[in-house]
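Several structures are given next for inspection.
Look for subunit A in each of the two complexes below; its partner is subunit B in the first and subunit C in the second.
Showing the complex of A and B:
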């Protein structure tokens, strides 16, 4: 008896608490930046695609919902020819972001991806690529990598000595 | 066997072998870089450090390099010793100091020995933040990519390229911490084994340039065990596929055949499978004035059914580049008497004679590995570096056998590579090369001899006579040739394992017979002589064992009674025989049905073309020059013609040739359900042809299971399964089924080690690179666990005395105004399929005619001039076919060709050289060489 009354009293007191429920979708929830939502591909600070098509995200994906094909531009800068994510399979685990060595693939706080047609959940590179660096400003993989791309020759990356002249024996 | 103690536990080991190899053989994970099972130890990288103790009481020990220490009985070592572990980790750290931050864009990533070893050493955190050394790269041609920044200076590349493969244009330059591995300037790597640098290099300095254009990581490739189709040696390969196209070829170790290395034609010829010249749909024309139009598979078969139902007479032409099963299916379709092999009469006779010699003679034919063990070799008439390149590499090892005795005498173990080479200096064992022109292995030859086929045969016969006086004597031999024959006979007689190599490359039966005489003379003296014949194509011997007539006899049969339907299997007849003969053959048939995977001159003349599966899309058995039957397995399901379709959404019309034959039998004769899988065809073939019975054992059947499971073609890390088709349909297709083999088009299945003939890839936990192979061998460097794949079909009759061939050709006499045209083979260009690969095509020779400068100046020609060639009608040409006149009179009338001239000083006066089988040569590609022709200045 006493227990029942106590319960009723507690329920009664809840009427005066702050409400946890928000009126979604009229009211938007406040989502932390590290939320694992819709996946995007970002660009480096120079505005070029960050993805170098290393296939690590695809390998890390536990549901195998990422497929891509690597290709190169005329200066041997590598980028994905196509990059496809099947969001109807994605479990938003974030392993792809963790595996990405260039900070290209990132999960965003957007979760509103409902579709009537499953086909529309297949995102191609055009759908994934955003214009900015996303969560990680500043990092540019090609500035620290040893390979040559257009506009960056050997020895011009960060912390690189000028190239060795193989025809010289001078110290 | 002795006992060694590793971390206080006893293990059996091979006495005197180096400890690194023993530790790896015992299954320990001991890191290494510079050591390679085929290259031996040099102790350069200091990575395989272990602790060695004096005795049981010794707790202090000393650090030694495992690769430079011999296993002795009772030796006590420790791999897990903390000091040794620290040592190895710091070596890895030093090596990584200048290593660039490249892994995401490096093609080696995911199968990198450096990655594996760094992880194995536990070096996980970079402490060095200073400046890194950099290098400029070189353009090394269309096959190998160079990225010098990644180098860890292990010297494996130059050791393989210079010391193992005999290349000269790659070396270590500069000094100190700036050592540079490259050429003196940009340029194509000259050696035909340059592609092996991709596998030999422990990191990404040398990578596959053809893979780079359609890059895929190792774990994403669908792979299956396969056999190379670009020459007659049958090297084992692992082709990899992704998204419906073939991406690369990797070496599949077979201790008896190719070992660790492939030639560049075999490694890079694969791109013909992706070629724009592939036939992907059935093509049909109802009359010959029309063009071939694509039709559905059903319509094509229906049309064939109508043609066949009226009791039509069918003649079948098989192919030495199609599998045994495909040839046998055709033979079953048309009947034994209507089946022809699709090669010229001359080639048929040469191959028949080789098969006869192999079967009836007392000498054994060695595997490629056994060629490496031969200690005196005579090459008669075959330019092995071009017709069977991997054999040339084996010969480079065989010349080390005799000089190795110097090292043995000095007590140097043979694995101590650098010391052995120092002891040997420039010594080479006896290797005599008698060929039409200079070869790329002349640099290791003891003596060379150049001449036209008749002279080569006479030299061979003279050697046989010098060995055994009962063998026929060669009349009128020059003194120099006589002396040379004597010298060669002396060396062969003194050898422990003499070997004679010949083949059909110079197109002369007398040469083949002379080689047999030499070997038999040695056998009759009680020497364990072996002989090795080079055959031109991947299934030349297999097709011969099936039996069947030549193209000339096919024409004869068709002239007797016109055939209604001519079924041609995977064969461009214009490369096999004279154009005029093929024209007449094709004209004699009312309907020509071509079953092939590429379009060519013959398919353009067909009334129906059915798309056959290329080697990576089919299963089958091939018989190599050793008579070894090897099974190759389907790598992927070929895609159809539909745009945007990838990997078998709509499987398309391409199917195995034997399935086409079966379908034709079903529509034509109503033979329902004769064959449902490859095993049925193989079994039927083995039942009909007893000599082919061992092909049943070439690989496990389709019913084979490991723990009740099939063997997956995809790695357990294969990615993109639920998305790669999503752009076409969101509904994931079922994995393609494979009724023909014990392999599955899937990631799921048995994850352990399958039997050796079914190994789809080499991988082991912690070993992602090709070096994972160590885990698939009982003894590292030895055969695969469970025995090397392949079944030998031909064994000699021991102790039998063979009768010598008595036919002695007359010496070569130059003619006035005429030249004997000799076939010159080229690794890049002479083979039909590999030339469709862009990388190989870029390296291919252009058409030319070679003359010695003196003959050229007599004609008023200089290097590069255009020369006019008029072929003599072959009826009276000095070719080997003597009997069967009907075949000869069908040959060409005089046709005129224009070719640029090239000097070749080694050609004899009165002879000229023509590149063999070059596609750019038009009708010349089918002309049987040697042949006589007139030359004129244009």
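Showing the complex of A and C:
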């Protein structure tokens, strides 16, 4: 009995505590930068698409909400012909971001994606692609990778020694 | 002719105010619970969220009125009506202020007890007619709980009747002119309050409903306005119990300076707030604890109170 009355008194005193509620549409919550929200595709510092259409994000996706088709441009540079994320399926787990070898796909702190029509939740590449590099400024996959594309041969990447000429090793 | 007009005006006004207040009570309760849990509660619809109840009513009224095919139709429809009717009928005897009140029965207290006992049928029949095992369990619990708590609910009030020498609620209020019965009848007040909460199926005694084990207990299968009736019945029940506590133990409309009506409403409101605080603070007991508490603690305390009051009244006479 005494315990119950004490509990009631403590609960009553909560009247004078600060409210924990954030009045959302009027007051925006403070969202941490690593928040897993709307997915975007970033570009490298030169303004080219980072995505190399390796399909790793689609393979990592536990709900199969990512669809894409790889193709190559005239410089033999791979890029996705289309890139589609169905946000009505997406569970914002961030596995795609973890799987991405080129830091192209990234999750952002935006979560206000409500739609009245389900079809509007299917985002195409032009909806996903942003103009900047996102969380990783200065990173350019093709400049650090040893792969040959038009305008860049083997040995021309950053911190890469020229390839060894096997003929020079002959006795 | 004039008398009849006065009675009708009384009747309709009390009914309207009671309904409006019971509806508002759902909003008041949610706001208060929010307040005590460091949140706000509904504050979007209208100023401070007062129009929340309008939104809720529109939603309730437009929901599908579904009767499960396996239910006992007639009883299923009847059950929610009983609780609303009995609690409203019981309110007829509550003396709100001099000249305000529906009827002035010389057995007012007994009428109130009878009506609140009849209210049990609503819960039990609702649980039975739903033909659903969770509802049935809720109905069983309601039957056992109400039976146990009814026993000392009536007995707890007999001390008040002894002191006032009448079953008429207006006489009981008049007898508290010098001293409110909450002081000589402190044990009676405690036991009656506990029994009242159990009768109104309020937390912490809401075992017939018990969401986390019985879905929604006896009203699992109810939807739309049939559910609304149970809901209104519950809120009118709280108001009724609070009004009765005020009438029997806190001097009803008596009080200095302010007009009697204001005193009555103020006291009733404070008791209701205490009930809501009780809900915010206390967990639900286990079923056997509830039974043990009822039979082994509350009933003996009531009997002791009855003995002491009887002895005091006899020695004073």
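Everything below uses one rule, namely that the second predicted complex is superposed on the first by the 160 of 171 C-alpha atoms of A that agree within 3 Å, B and C clash if a C-alpha of one lies under 4 Å from a C-alpha of the other, contacts with A are read in each partner's own complex, and residues count from 1 in each chain.
Going forward, a residue touches a chain if its C-beta (ideal position, glycine included) is under 8 Å from a C-beta of that chain, and two chains touch if they have at least 3 such contacts.
Quick caveat, the model's predicted, so the values are computed rather than measured.
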Fit or clash - subunit C, subunit B, common subunit A: fit
Which of subunit B and subunit C A:28 touches, first, second, both or neither: neither
Contacts of A:75 with subunit B and subunit C, given as first, second, both or neither: neither
For subunit A as apex, the angle formed with subunit B and subunit C - C-alpha centres, to the nearest 10 degrees: 120
Touching partner for A:141 - first (subunit B), second (subunit C), both, neither: first
Contacts of A:59 with subunit B and subunit C, given as first, second, both or neither: first
Touch count on subunit A, higher of subunit B and subunit C: B
Partner chain(s) touched by A:4 [first = subunit B, second = subunit C, both, neither]: second
Touching partner for A:159 - first (subunit B), second (subunit C), both, neither: first
Partner chain(s) touched by A:14 [first = subunit B, second = subunit C, both, neither]: second
Closest Cα approach, subunit C to subunit B, once both complexes are overlaid on chain A (Å): 27
Subunit A - residues contacting subunit C, complex: 4, 7-8, 10-12, 14-15, 17-21, 23
Complex contact set, residues of subunit A against subunit B: 52-56, 58-59, 61, 63-72, 78, 84-86, 88-89, 101-102, 118-119, 121-122, 124, 141, 144-148, 154-155, 159-169, 171
Of subunit B, residues touching subunit A in the complex: 100-105, 109-110, 129-137, 147, 149-150, 173-176, 178, 180, 182, 212, 214-217, 219-220, 243, 717-724, 726-727, 730
Complex contact set, residues of subunit C against subunit A: 35-40, 277-278, 280-282
